[in-house]
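As structure tokens, the structure follows; a few thoughts come after it.
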Amino acid sequence: MPLTETILTEKDEQFSFDFHKETAEIMSGGTDELKIKLGEFAGPLDLLLYLIRQEQADIFDIPIARITEKYLEYIRLMKRLDIAVAADFLVMAATLIEIKSKMLLPRDPALAADDEEMEDPRQELVDRLLEYEKFKSAAGMLHERSTIEAAIFPRGPIESDENNAEIDASVFDLLTVFQKIVARHVDEVKMEIQREEISLADMIKNLKARIFEFGEVNLLEFFEEMHSRRELVTAFIAVLEIVRAETVKLLQNKTFGDIILRKV
Amino acid sequence: MDLEVLEVSEKPSRTPTELVAIVEALIFVADEPISTRVLAEVLEEERDSIQAAIEQLQSEYEGRDSGLQIREIAGGWQLGTRTEYHEEVRKFLKTRPNAKLSLASLETLAVIAYKQPVTVPEILEIRGVQSASAIKTLLDRRLIVAKGRKEAVGRPMQYGTSKDFLVQFGLKDLSELPSIEDFEDLVN
Amino acid sequence: MDLEVLEVSEKPSRTPTELVAIVEALIFVADEPISTRVLAEVLEEERDSIQAAIEQLQSEYEGRDSGLQIREIAGGWQLGTRTEYHEEVRKFLKTRPNAKLSLASLETLAVIAYKQPVTVPEILEIRGVQSASAIKTLLDRRLIVAKGRKEAVGRPMQYGTSKDFLVQFGLKDLSELPSIEDFEDLVN
């Protein structure tokens, strides 16, 4: 079933955004440059702010019809350029069209006179834009800070850094890895056939030989080779034993990343 | 002779110069920023003396135009190279600057830094766009951590910034971040 | 105009003070002793200038009674702490390992956190390895506490996580422990 978002405007003009088949009109212009620009928008609010600025419009008095039109044009262009248009961009399109139609409704003169503070249909959007823009500026500040920090280097490793083989991973990392491995072997366990099991001593010997030969061993790959749950547990204990007793370090480059056993 | 008195007087007596030197040595060997509190405890000195030693050390490094500097970061003191020499250092280490964070990741990080603890739906509300992959990136780079659950429907996980965030962005602590309201002036 | 001449004249021009600072920065970031030859190559300077810079640096460190020294080791230069302060350095390094948990302790803690209350034989069954020393470490560090005896053969002691555990991991209560489901959305 194609994922389609259909929006009706007051002129019965239909914008249909089909994630798979959308073929919108071609917009003229230097597409390469636009492609880069489009890719840079961090979200619909970002795009909207860009359009408001491009139109030199006042954020507190957004010309909603013109901005909506521009916004929809951009979405069409994104599709034309094969840039995946996230659902969030379409939700914003719908919001804009809704505001636009509300603005076109004639005001009830009786209500308007009574209630001075009748809400501008644009108000909520303006509030969101202002709030968002603060964080966008804060992101810029963070970017500057990280650029400065990247120019400062800490000292190189020294001897005392390595006097304990510890793992820099949270409880969650460890649990995730073990659960992943066990889950992967659940099916195999069901068909487990009686076979000669490798002893813990042999497992440790094999693993040591491998670390010695290659310098490092990817733990996930190593566990992958095990034929049964029991062998897997033996392998896991072997790893724990080696880390405790030997000059071997456990490394993990990123959270949920592969864990590497490396010779120190 | 009283033994107890002897024990009390065993508190290390160091000249100010020695204390400066020892503080320098400890800041150097520590593999993470080391706090004034830890220095005071290990050396059995008053925090004020430690603070004075660090200030002395900083001005020494400044005064002799050292290639290194002592900075306060993530609640502790750390030695690092001066920014002026980053080209030479990078050339020597043959490193490239870290992959920069995307605009989406930086925005998500800004929201988390200022609104922490904050949930995924709350981030969506402010950014107007799904931020799952940005959050994954930030977790991978250890810039954010899980901070318990929110007492709301579904008890969603909340996120906050990590110590690595302070280190990578050169902040003493979170209060060093400019107030989010300060950015309002830029907006208008 | 001759291009080659232009290239030659592009050699970096640094003041002696700058060169000293840069040499200091490179010795500091290097992961092993760095030789005069390597320094000369990276910085495109004469070996004599490098040698002079190092001598200058050494006498600066000497002159100000620094806690650090520049030593020649294995044909290269390295920054290290002065031997006089080894006692303090060692004392500091000894306090440090406690900050982190060993893999065995972390493993045991994870089992206790997710399976509590749990007995030693039960932990053995799950981990497949004796956990006595890890349990002792965790008890010493007050991360776990005894939670009464199990009504089973031998009435073994049961263990669970402590209040300190919650504090250290930033959890309000045990229900805040992350589960796989919390992170599944992000990983996809």
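Labels A, B and C are assigned to the chains in the order they are written; within every chain, residues are numbered from 1.
We adopt the following convention: a residue touches a chain if its C-beta (ideal position, glycine included) is under 8 Å from a C-beta of that chain, and two chains touch if they have at least 3 such contacts.
Here the structure is a predicted model, which means the values were calculated and not measured.
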{"item": "Farthest chain relative to subunit A (centres taken as mean CA coordinates)", "value": "C"}
{"item": "Central chain (by mean CA position)", "value": "B"}
{"item": "Centroid spacing, where centroids are CA-atom means, of subunit A and subunit C in whole angstrom", "value": "29"}
{"item": "Centre distance in Å when subunit A and subunit B are each reduced to the mean of their C-alpha atoms", "value": "25"}
{"item": "Distance between the centres, which are taken as Cα means, of subunit C and subunit B, whole angstrom", "value": "15"}
{"item": "Sites on subunit C at which at least two other chains make contact", "value": "25, 28-30, 79, 89, 93, 178, 187"}
{"item": "Subunit A residues counted as touching two or more neighbouring chains", "value": "153-155, 158, 160, 172, 256"}
{"item": "Of subunit B, residues touching subunit A in the complex", "value": "28-29, 31, 69, 71, 78-83, 86, 89, 93, 97-98, 100-104, 106-107, 109-111, 113-114, 126-130, 139-142, 146, 167-171, 178, 180-181, 183-184, 186-187"}
{"item": "Subunit C contact footprint on subunit A (complex, rising order)", "value": "153-158, 160, 163-169, 171-172, 174-176, 179, 233-234, 236-237, 240-241, 243-244, 250, 256"}
{"item": "Partner subunit C, residues of subunit B touching it in the complex", "value": "17-18, 20-26, 28-30, 38, 41-43, 60, 64-68, 79, 81-82, 84-85, 88-89, 91-93, 120, 132-133, 135-136, 139, 145-149, 155, 157"}
{"item": "Residue ranges of subunit A in contact with subunit B within the complex", "value": "40, 42-46, 86-89, 92, 128, 130-143, 145-146, 148-155, 158, 160-161, 172, 254-257"}
